[in-house]
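Data block below; observations after.
As written, the chains take the letters A, B and C, and residue 1 is the first residue of each chain.
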Amino acid sequence: MRRKLSKIPNYIGLALFALFALIPFQYMLATAMTPLSYSMPYPPILVPESLYFGNFVEAWNANHFSQYFLNSLIVAAIATVIIMLVSSAGAYAFARMQFPGREFVFYLYLFTMMVPTVTNLIPQFLLMKDLKLVDTYLGLLLIYIGIGVPSNTFFLRNFFLGLPKELEEAVIIDGGNHWQIYWRIVLPLSKPALGTFAILAYSNVWDEFLIALTMIKTPDKRTLPIALRLFQGQNLNNWGLIFAASLIAVLPILIIYIVMQKKLIRGGAMDGMLKG
Amino acid sequence: MKERLIAMLLAIVLALSLAACGSSTTGNEPAAQSTSQGADQQPATATADPVEITFWHSYSEGEEKIFNDTVLTAFAAQHPEIKVNAIRMPYEGLDEQLITAVSGDAAPDVIRMDLTWVSQMAKLGALECVNGYDGFDAIAANALEGSLNTTLYKGQNYGLPLNANTTVAVYNNAVLAEYGFDAPPATLDELMGALDKTDPANDKYLFCVSGSYNWAMLPFIWTLGGTVTDPGYTTASGYLNSAATVNALDTIVSWYNDGVIGPAIMGEQPDGWGGIEAGNYTMFVEGPWFFSSADKLDTYTPALVPSVDGRSISIVGGEDIVMTSTSKNKEAAWTFMQFMLEDEQQVAMAGAGMIPVTASAMAKIDTSASPYVAVYMEQLKTAEARIPCSSWPTIETILNTAFESVLRGQASSQDALDNAAAQIDELLAQE
Amino acid sequence: MASSKRKFMIGCQQWLKALPFLIFGFVLMAMFILYPLIRNIYISFTDFNVIKNEVTEFVGAKNYLDLLKDKNYLIAFRNTLLYALVTVPGQMFFGLILASLVNSVRKGQTFFKVVCYLPVITSWVVVSLVFKYLFMSGKGGLINYALMQLHLIRQPIAWLQSEWTANVVLWLFGIWKGVGWVMIIYLAALQGVPSEVYEASEIDGAGAVRRFFSMTLPMVRNTTNYLLTVLTIGAFGAYIHVMMITEGAPLGTTNELMNYMYNTAFSTYNIGSAAAQAVLMGVIVLILTMIQRRVSQDQMN
């Protein structure tokens, strides 16, 4: 009993953190549930005055929102899976294999994380054009994967370095090769880490605006961030609608996270981070 | 650790040396090379097929509906030989899109763009000069001068004005009555007469200047007698820093300091939209989009910017329609541009709140359906354009900085405007 | 001679084995990131016409020298350094406390994890917009309203209209957005520590605070080093929050490097200068990362 009581300050601390994390979302929700208003309600509200969902309905039905939403779901899901597969394979090579110039190639990855990519749009577009992949999801996916790979390779390499080698040695004694180690030992052991980074990769792709707008020309193929910008552009000052649209956009990631969170990083499997 | 450092340094050295190789072969960059090949490979269109042109716009959903249903349908009927592929683009990022598309030889043929972008895009070589096209002179003669001037770069026109807007005084009827007015006052002096009825301590101000940026400030500066450049847009010295302009800016600063106008000018609350709705302000100066929903006219009244010494001068905004220099179907593009300037189309788009840019179309607008449009059209007749200049984004920053620094008390009007005028002169000279 | 040839053969064999693992990721990275990046380094020494996609003239170090004279760039530089100096330790400090708290309880662990991770997975654009309105000036802003109700301030603060309060809002945003991620990473490290170790020290009567400093901190030191690298890179690269919350206002005093670079590239189309800014930033982050690694290496030895 005393042990339980002694946890009370901890819960108070946690509640404070949770409060700070939640207030902006609550503010969004309360505004989104307020009927048409060009000025923020005064006094500011955190609890909606009524259960009004009109803004959500209007947002969902406007500007091809629902269609772009589905497009984004598909693009982000495929990109995430491939980013994680490609990054983990590369990270495995960096963590477990010997080859000349390994450090150099690895630092090349690290270097690309440090130099900002604001001005890359035009060369990326020209490359896509040469590959005849403008206005295709394949082209868009290739760029997203190229962008996602360096940082995830970096994260996962650190993680793999910390995995115990004993299991792998057993596979080698049985005559297994690197592919088997990677596929049968390393990947299953890394599920929590893969999940954590996959969520971030997913949310990066889910949010990406400029590349999607540049590479995709057919309006029907556009992704959700474009719908959101179209939306903000024509509903200046209509905060209820804008926040309603934004909240809908947050939902998928939230759901994926809640579903996956049990599998996310936990337990001793994260010793890998310690080798950073 | 030492090895790692060496590896990192090697990475940089390699990167630099690769870059150096790049420099000797710029002309043959694979990307650039095959881009031009791509252009050659464009299949020749068979004569029987309609020519397809792509049109980028950033109409809102409602405007797009009228454009698609009325304007595009009419065009398809009149010009079966041309197919228009109209694509709605978000306003945000449109300039990046255009730059990328032009450099990648994948630009649309025709674009509707904000008028302040035209001279800059023209300077970059992205746009086609239209002075030599058939029928240009007739359109130019019919167009409002303030709007036509927005397509200028080095004295040539790089597009046509498409739709105009400006800002007018918008009054909250209830506050107007509370301050003893039956109708919006015509002059600023009349409006100032109600000053004793305001209560700045309780957020009740006489009117609102929506910000310290040029779009919000210039209508007041001009109306108070100030100027930015000479009429030919060649020099700012002697205009922007003239006694009249300094006096105009000082007047606005004193309004702010004395609580005549609210804190919105500094970007603080209550802002224009919120404050006019909540009754903090009698009046603010805003564009026609304020009246996007019909019921607004029940509560608010538009009127000309209250005049000073007979002057009521607002600012020209709106969109121009331009042709890209890389268009492969320039004749078809021009046909479409001309079509958009015809009275029928101008009137049709006025139904979506787009104010026409030609005198003949203006005369045909039935203002009984949307009474506020009449006020905006009236205000447009005297409205002035911002400097049509390829360095406008920089000039804009200079002006905004000058205004804001004076309002913040960091500089005197004379010093700030002297400084701004000198910088703008330099930019105009480079044009 | 023979041995070097042998070595070469072995190297080739090793590469053949590693290549299938690396090739796909490396090719995409090289095409879409590395190639533009190297091209960027070249462009930074030129005057570049963005429309024709060609170099107008080679200008040497001019773009770099101009930057060092550009007062606004230097302000952006200062702000980025401050942003990193405040938000990186801030995220780590609160993230570690949060992780320890989450780790210390059994019931509701999942709930607190999800809630605190929410800001991490939400779009930068959306939450930036919300912050802008939370910190609205006047009585109508939620933060001002709350502070006034609590009688902490008498007059509403114009948060985003003056230099330092606006920067503070950006810092708060950076910390708020990142704490959840730091928490997840630290939590993993903490959960790797056998709970017996904690229980033993509890029986020893070590106070919570002492335990934190004498046990927890040393145990997560490697994680701390790793986070330091990743968060520093992140702090230098962030820009959406500036673009959405302050747009550099008032008078450019809240610009940060990335935001400034973005404007240089896409509002004045000075691609050469933007490229130079990108290279400078890469070099700065590289140096910082190396110093960090050096220091942490020394600590461990």
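Keep this in mind: a residue touches a chain if its C-beta (ideal position, glycine included) is under 8 Å from a C-beta of that chain, and two chains touch if they have at least 3 such contacts.
Not measured: the values here are computed from a predicted model.
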Per Cα centroids, the chain farthest from subunit A: B
Chain pair with the most C-beta contacts: A-C
Separation of mean Cα positions, subunit B and subunit A [Å, integer]: 36
Mean-CA-position distance for subunit C and subunit A (Å): 16
Contacts with 2+ other chains: residues of subunit C: 37, 39, 50, 53, 136, 139-141, 286
Contacts with 2+ other chains: residues of subunit B: 4, 8, 12, 15, 31-32, 35, 96, 99, 103-104, 270, 274
Shared-contact residues (touching 2 or more other chains) in subunit A: 39-40, 42, 108, 111, 122-123, 126-127, 209
Residues of subunit A touching subunit B in the complex: 38-40, 42, 62-63, 103-104, 107-108, 111, 121-123, 125-127, 129-130, 134, 209-210, 213-214, 217, 219, 226, 229-230, 232-234, 236-237
Touching residues on subunit B, where the partner in the complex is subunit C: 1, 4-5, 8, 12, 15-16, 18-20, 22-23, 26-27, 31-32, 35, 95-96, 99, 102-104, 120, 124-126, 263, 266-270, 274, 393-394, 401, 404-405, 408
Partner subunit A, residues of subunit C touching it in the complex: 11, 14-15, 17-18, 20-22, 24-26, 28-29, 31-37, 39-40, 43, 50, 53, 94, 97-98, 101-102, 104-105, 108, 110-127, 129-131, 133-134, 136, 139-142, 145, 176, 179-181, 184-185, 187-189, 191-192, 222-223, 225-227, 229-230, 233, 236-237, 258, 261-262, 265, 271, 274-275, 278-279, 281-282, 285-286, 289
Interface residues, subunit B side, partner subunit A - complex: 3-4, 7-8, 10-12, 15, 30-32, 34-35, 38, 58, 60-62, 87-93, 96-97, 99-101, 103-106, 270-271, 273-275, 277-278, 289
Complex contact set, residues of subunit C against subunit B: 37-39, 41-42, 45, 49-55, 58, 136-141, 156, 158, 160-161, 249-252, 266-269, 286, 290, 293-294, 297
